[in-house]
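So, here come the structures, one by one.
Next come two complexes, and both contain chain A; in the first it sits with chain B, in the second with chain C.
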Partner chain A sequence: MASSGLELLWLSAPQLARGAWETLSISASAIAFSTLGGVLYGVLRSLGKRWLDVPLRVYLELFRAIPVLVWLYLFFFGLPIFAGISVPSFWCAVLVLTLWGASEVGEVVRGGLRSLPRGQREAGLAIGLSAVQLYHEVLLPQVLKRITPPTINVYTRIIKTSSLAVLIGVVDVIKVGQQIIERTYESVLIYGFLFLFFFFLCYPLSAASRVLERRWSHA
Partner chain B sequence: MSALIELTGFSKRFGDTPVLRGVDLKVERGEVVVILGPSGCGKSTLLRCLNGLESGQGGTLRFAGRELTADTDWREVRQKIGMVFQSYHLFPHKTVLENILLGPLKVQKRAFGEALAHAEALLERVGLLDKRNAYPRELSGGQQQRIAIVRALCMNPEVMLFDEVTAALDPEMVKEVLEVILDLARGGMTLLIVTHEMAFARAVADRILFMDGGVIAEQNAPETFFSNPQTARAQQFLEKFSHVENLPRRK
Partner chain C sequence: MNFDWNFVLSTLPAFGRAVLVTLQVGAIAIATSLLVALVNASILVLRVPLLQRLVGLYVEVARNTPLLIQLFFIYFALPSVGIRISGFSSAIIAMTFLGGAYLTEVLRAGVEAVPKAQIESGLSIGLSRWQLLRHVILPQAGILSLPALFANFIFLLKETTVVSAVAVPEILYTTKNYIAMYYKTYEMLAVMTALCVLLFLPLSLLLAYLERRLQHGQFGS
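So, the complex of A and B:
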């Protein structure tokens, strides 16, 4: 049994690796785009302009209130019907995870910027900095350290949530696992593998976030 | 030649609360004007309006003959109007030199060598050249405030605004900051100073401006203002200060 189990894993390795690669690609893309989108969201919210705040808050509340799975279905099955655009399942997953992740990262960035003393902005303006220079040189560098731990926690949630992509037909590591189980009935072995896969992906991240939080808390 | 700063009927409200009510003021080049008044009289707001951190709702504001409005390119104007705040507001993630050189390099696009030489000369002048690579958190309040003054000076402003710059400092550090300001006044720099240091106001000012309730209640030469205030409100204000100074011994 033990040897046949290991043998099965060994034989399935190429297939599992392809699935793992799919999971990693979706997560990494969504994390990268979420970070960019989240910084943009946080900066725009921090400007305190009503005409920006209203649509951005609507966006935030929509992605907070409606489950990611519903958004996946909405984009994957809804877009072809209502807009005549069909997005491949991979990119559909990246898109939805990004929109959701950017709202989460964005709130972290917004909170970080809000926590800075008002005087930092005024001192920057007083020496003639433009808005872009103010954020690039003065505000964001101060916020970056503070928001790294909570942002990493959003990243691990993006990785875990990426498994929902199975439901719109993405063949990620979970889907591959299911296929192997259907063929071999080795569910304990395969789910054990999936358990370890996600654990070793996310645990180092949350551990890093804890270490950074401790190290930077007295900086 | 026209005045460097000229306010005519200048007004400002926060919501429904008027903060400045028709202020008329002319400041000539090289003049040192000290603004006194009780808290909430609008003196800090007045300074903040002068470099566009707040905008007015009525009247006009002219700088070097040019009218400034909400549509003005304030980035350009602010380079000529240095401002120093009560809580210094140095950038904590940058060294002293990086704090000082940010404006000259990024805003004014000056050559690094020239800006550095200028910054170091100013640091020397305030006695902090040896701190040029320190971070703000390694400096005392008085040192930080002197660096903040250098940061504003390094932009080559035509006027400096000081907004209660010693109010957050321990008494023993007040002196080192006030001496820097006195030095600037002797050098002929145009200064607008909001302060609660009466003796300093008397020593440095060409003219005292007493504000109350959002208007300039009285303005005069320091000798006249302190020895013979013209309005009842200024008399009351000064009495409160001298009352503390002249408190009798408890026993």
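So, the complex of A and C:
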């Protein structure tokens, strides 16, 4: 089976690559949007404005408490009836992973900004920096090292969670694998491949996060 | 859009059972994960040769792969090598595989967080290795790990939603089933959301509260 198994993987490579591209596209889009949303969330929370804090905390608690798969079903089945729009399952997955990921990245950014001494903000304002300058030139650069390792951990969770997209009908690498199994019955081989696919995607990120955390913990 | 209350009422017994299944899968998986983690963490703390490498490998593999793939591997791939496991058992095994790794890390971190002076003091008054573990390290590591343990318990309970993919009749599977059979999408999504909010939101808020409280409840500092 070793040679025929490898042969099957080789023959299925173009198909698997298309599925893998779909999986990677979902993850990469969700990671990019989560980062933008998360920084925005963290900055808005750090302003200490009550009228911002209340809705943002409600958003955070809802996305933290309710499992991602529930959100996927809510958006996938719910958007057509509640909003009258039908979103393709691919974008549904990106949207839900982004909303969830941004809440996770957001808490990391908020925690990082909170750890800075008040004097940093006050000094920045005292020399007449605008709010944008204050965050861009003073506050965010200082927390970058602190927030990078935990943010990378959120990225690996986004990649792992992107696997759930198959359950709302995205033809990702898992779905392609299942199609190959239906044809060939090589379930151990294909699921073994999927196992390694996700492992080699996530492990380097986890390892990098750990190394950076150790290296920067004294910075 | 009319909300069909009668239909919702007729599904409530099934959803009641679904909540019980969710709690059952969650509780069993948490218990077995904790057992696996206790064994693994002991191996790591006592630095058992060879075994500690295996534990390290297991933790990396389990933490860097999605639960869904672990679940599908057990449920769909193992039968082809002659191992046939029911959806429910697959769910427990996969969640234990995942949860065991996360909890191992939590317990190990708890032990490492015990201040060195505590261990040195214990040794200096002549405690044996076992006494040190039993009376000094474990009680403190236990308290230090509590918030993270509780957070991971909730994480595992939330992950039970994923096992709907192998036909375990928990909340999501029941929802999807009713949508497929009766097209009552609106009603079923409402029930699913209500149940999840009732089940998970209080736990999540309780966790946030406990994390704040327990920060002040440590020994020897």
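Convention: the second predicted complex is superposed on the first by the 219 of 219 C-alpha atoms of A that agree within 3 Å, B and C clash if a C-alpha of one lies under 4 Å from a C-alpha of the other, contacts with A are read in each partner's own complex, and residues count from 1 in each chain.
In this section, a contact is a pair of C-beta atoms (placed from the backbone, for glycine too) under 8 Å apart; a residue touches a chain by one contact, two chains touch by 3 or more.
Nothing here was measured: the structure is a model prediction, and the numbers come from that model.
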| item | value |
| --- | --- |
| Which of chain B and chain C A:12 touches, first, second, both or neither | neither |
| Chain B versus chain C as contact partner of A:89, first or second or both or neither | neither |
| Larger contact residue set on chain A - chain B or chain C | C |
| Which of chain B and chain C A:74 touches, first, second, both or neither | second |
| Partner chain in contact with A:195 - chain B first, chain C second, else both or neither | second |
| Residues of chain A contacting chain B in one complex and chain C in the other | none |
| For the chain A and chain B complex, residues of the former touching the latter | 117, 119-120, 122-130, 133, 137-138, 141-142 |
| Residues of chain B that touch chain A when the two form their complex | 51-53, 74-76, 78-79, 82-83, 85, 87, 89-93, 102-103, 106-108, 148, 151-152, 155 |
| Chain C residues within the chain A interface of the complex | 1, 60-61, 63-70, 72-73, 76-81, 158-159, 161-162, 164-165, 172, 175-176, 179, 185-186, 189, 192-193, 196-197, 200-201, 203-205 |
| Touch list for chain A against partner chain C, complex | 61-62, 64-67, 69-70, 73-74, 77-78, 81, 156, 160-161, 163-164, 166-167, 174, 181, 185, 187-188, 190-192, 194-195, 198-199, 202-203, 206 |
